[in-house]
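Chain naming follows the written order as A, B and C, and within any one chain the residues start at number 1.
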Amino acid sequence: MVKKQLPLLLGSIAGILVVADLFVPQGWLAATSDRLFEWGQILAAAALVLGGINLMQVNYPKIRRREEDWPYKVVLLVSAAAMFLVGIPWHEIGGARSPGEVVVERGGAAGQAMLRIEAARPDAVVKIDGGAVPIDGKMIGRASRDGHPLEIALAPGKHKVQVAMTASGYGVLDAEFDVAAGQVAVAHAALPMDWGKEGRVRTWAYDHVFSPCNATMFALLAFFIASAAFRAFRARNTEAALLLGAAIIVLLGRAPIGTLINRNLPDITNWIIDWPNNAGRRAIIMGAALGAIVTGLRVLLGMERQHVGGE
Amino acid sequence: MRGSRQQQITEIAIWVAGILVVGGAVGYGVHHLGKTAWFNADLWFSAVVVIAMAAAVFYYIRRIKRDPETIYVRRIPGVDAIEEAVGRSTEMGRPVLYVTGVEETQNIQTVASLLILGHVAEMIAEYDTDIKVANAYPLTMVLAEEIVRQGYANVGRSDAHRPENVMFITPEQFAFAAGVNGLILRERPATNIFLGRFFAESLMLAETGYVTRAIQIGGTAEITQLPFFVAACDYAILGEELYAVSAYLSREPQLLAQLKSTDLIKGLVIILIVAGALSATFSSLFGGFDLAAWLVP
Amino acid sequence: MALEKSVKPPRSLGERLQGFDRRWIFLAMGLAIVIPLLAPLNLPFKPSPMVKALYDTIDSLKEGDVAYLSVDLDPASTPELEPFFRAVVLHLKRKNVKIAIGSTWYAAPPLIERWIRDAVEPQQAFAGQDGYEGKPDRPYEKNVDYTWLGFREGKEAVINRLGSDLRGNYSGRAADGTPLDRIPFMKGKNRLGDFDLVILVSAGSPGAKEFVQQVQTRYNIPMVASVTSVMTTDLTPYYQAKQLLGLAGGMLASAEYEQLVGKPGLGAKAADVLSVGHLVVILAILFGNIIFFTTRPGGARWLRRRFRGGRRR
């Protein structure tokens, strides 16, 4: 009873509450439904730990037994561990370091206000007053010039300075200051490297490892589509031949070359997509929607018991 | 027979009366019970569809229990092929790969896939072959492992179940595709079953499976991926068939009743489509009446 | 007596065709992609009605309007969607429209932050620039002209909440921690419906479809979308039903939009690749059918009769 009936009952109650929330605009119901969603997200996050354990359980024995392609499993586990470690915001341990500050001191030329940038990273970029004050004729300049800190003459008064690295993952000095004639505002830009989800290392790994791999996998589709088309689009019967013809028309019509072959081809393509294609799609969508409602109903009403142990 | 016909009419009348009473009570509530409505009147049609579907399910359950032969379910070649394919795997001594899709557990297609997995696990336990289940989300993995374990237990083969065969790969779409492709190329399963929600990786998985000469059964309700499964798999389970597989395999009266209820509602939908098309085309004859706006304000 | 070596009979044309290695098709596709990138064909194309409608909708915005730009993609879909993003940002900046950017995909933020640094903050188009005939834009300042709200996990639930409580969804702050109350153009912007236009740059799910289903249908918000090619058929019904006021589907549509904006870029370069790539797929289909017909029983004989005038029996 406890193993099979209780989960079914709990699932039904939770599901009916969420469905009821859609139809019954009562605040307490919406709050309950939101809370159930939150619990679901917490469960999913907890399951991530189980997933990590499963990853170890599946791959480590294969490494130990030196099964086929075991080096790739070493790469898998090492990269998973590495991304986990670089995702921890280490820089916040013991208090986050300040990106820097602007200190106004005396020492400037008489009648002139100056800004001096002393950046820990010389290749940082500098923007003054959002780019309104030009640096060497451009809105952005480098923090060091010929190995010396950048110095810019400013009109006395309030200004804003931003010193940042072009790559993300470093602290940004964004400060306002008020400098009078004969004073120098010194921007000490520490620009510490960040860790964590917006940190430098993680961003680097995203840009140089994840992004190319992700794009490469998606790019494989171009080859697979050609190979699948070669294999599967055979005019075995009349319907297949019609499908084939429509596919060729749409392929041509959706590329600029279609207009060269016949200027009406894009319009014919759009007609095929807008009318016969949409008619078929809508029928499948409606059928699938009804099937989805029924599947949901049978789980809610406890008729489907596979997920709690069969009969 | 006249007696059973009378009974049917009586049952239908009771259901209609029940729906009217409930609907009336809700309507009364909408108008009279306090400032906060107890029913979102704009969604009345959706509520009617859901209630009608539930009512139809109960009606057909009772009808099937009385006379199981009244329900005819057409063949779904993709589903019939599952058992053949499992048998082929057993003969070749190679495992079956089952992929539950790339969506989270709460997605209805993943739910449908997990429900089918239970039946497939029982089949595999009976045939004494291996199953590898690849999951994109940890929670799906947890559920899949429990379902496979139960499947083995249902046929008395608990000892044969290996938990490490139910794997969590990764939620990242193309990393998942790469992981499953690696699994296919290394383990060389004789049968690949892709059931659930898929996106761009569907063709990658199917084409890689083709290289290993596996029998492939692909099923999804994701419209954009159906053509890829049709082109690249040996058998395709399209759209709503995915939700019917569990009923088809188990042949339980309750589940078959749901297939019939779907058909009934489809009939109503067809009537509404025709009525809507007519009302839109000849709206001036109907005093400018817009059926669509009336049904879904 | 010496044993004779077994000699395999020569394979017929049909058998050789049956064993055709698909890696030749991969090679042809590879060349079809690389060659047009190195030697552009510059094939002309004209904007489709859906893209024109999208352009006109954005063009109808006035100075000071605020657009919500939801960028839901990953690195894999940048070839199809990045050209549109850059073009739409230029279009909005030219019209001095304020931009609030958000995302529901976890892989998107690093890309968005890079594109903000490349395309939103600096000036993109200068008066008299080569190959550009439109108005110049200007640099945009963070939290003055645009704001990056960040990514929120939750998929459809987040999209749903954007429609009713956008500020709550982002905890009242932009991604850099700036309270939304301190961003002048975000005043009064509490829900998606408060924005003058919602622009969706979407690679899959959750994305344009969920926005239309969860938010547009409920709150009747003006919305346009740029999606990947495969999603176009899914979203065309929404365009036909006027739930989307414009739709750009795929790389070619992005190129068409670039053309309308007046600054052809990555999309225009990729349009040639599309043409040649599609031709390769068509040739692969035709070749597959030739193999099919020549290797089926009677197929070769039929072909010989048809093309060499062989005797009928």
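To be clear about the criterion, a contact is a pair of C-beta atoms (placed from the backbone, for glycine too) under 8 Å apart; a residue touches a chain by one contact, two chains touch by 3 or more.
This is a predicted model, so every value here is computed, not measured.
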item: Topology of the chain contact graph, where touching chains are joined (line, ring, star, complete, other); value: complete
item: Comparison of B-C and A-C by number of C-beta pairs in contact, larger one; value: A-C
item: Separation of chain B from chain C, taking each centre as the mean of its C-alpha atoms, in whole Å; value: 31
item: Between chain A and chain C, centroid-to-centroid distance (C-alpha), Å; value: 16
item: Chain C residues counted as touching two or more neighbouring chains; value: 74, 76, 107, 233-234
item: Per-residue multi-chain contacts in chain A, two or more chains; value: 214, 217-218, 225, 227, 229, 231, 233, 281
item: Multi-chain contact residues (two or more partners), chain B; value: 172, 174, 200, 223
item: Residue ranges of chain C touching chain A (in the complex, touch as defined); value: 22, 25-26, 28-30, 33, 43-46, 48-49, 74-79, 107, 109-111, 113-114, 117, 122, 139, 141, 144, 153-154, 157, 229, 232-234, 236-237, 240, 250, 252, 271-272, 274-282, 284-285, 287-289, 292
item: Chain A residues within the chain C interface of the complex; value: 37, 41, 130-131, 139-140, 166, 168, 198, 203, 206-207, 210-212, 214-215, 217-219, 222-223, 225-227, 229-231, 233-236, 244, 247-248, 251-252, 254-257, 259-260, 266, 270, 273-274, 277-278, 281-282
item: In the complex with chain B, residue positions of chain C that touch it; value: 74, 76, 107, 204-205, 230-231, 233-234
item: In the complex, chain B residues that touch chain C; value: 172-174, 199-200, 223-224
item: Interfacial residue positions of chain B with respect to chain A in the complex; value: 36-40, 43, 46-47, 49-50, 53-54, 57, 104-106, 108-109, 111-112, 114-115, 117-119, 137-139, 141-143, 146-147, 150-151, 153-154, 163-164, 167-168, 172, 174-175, 177-178, 182, 186, 200-201, 203-204, 206-207, 210, 221, 223, 226, 228, 230-232, 238-244, 246, 254-255, 258-259, 261-262, 265-266, 269
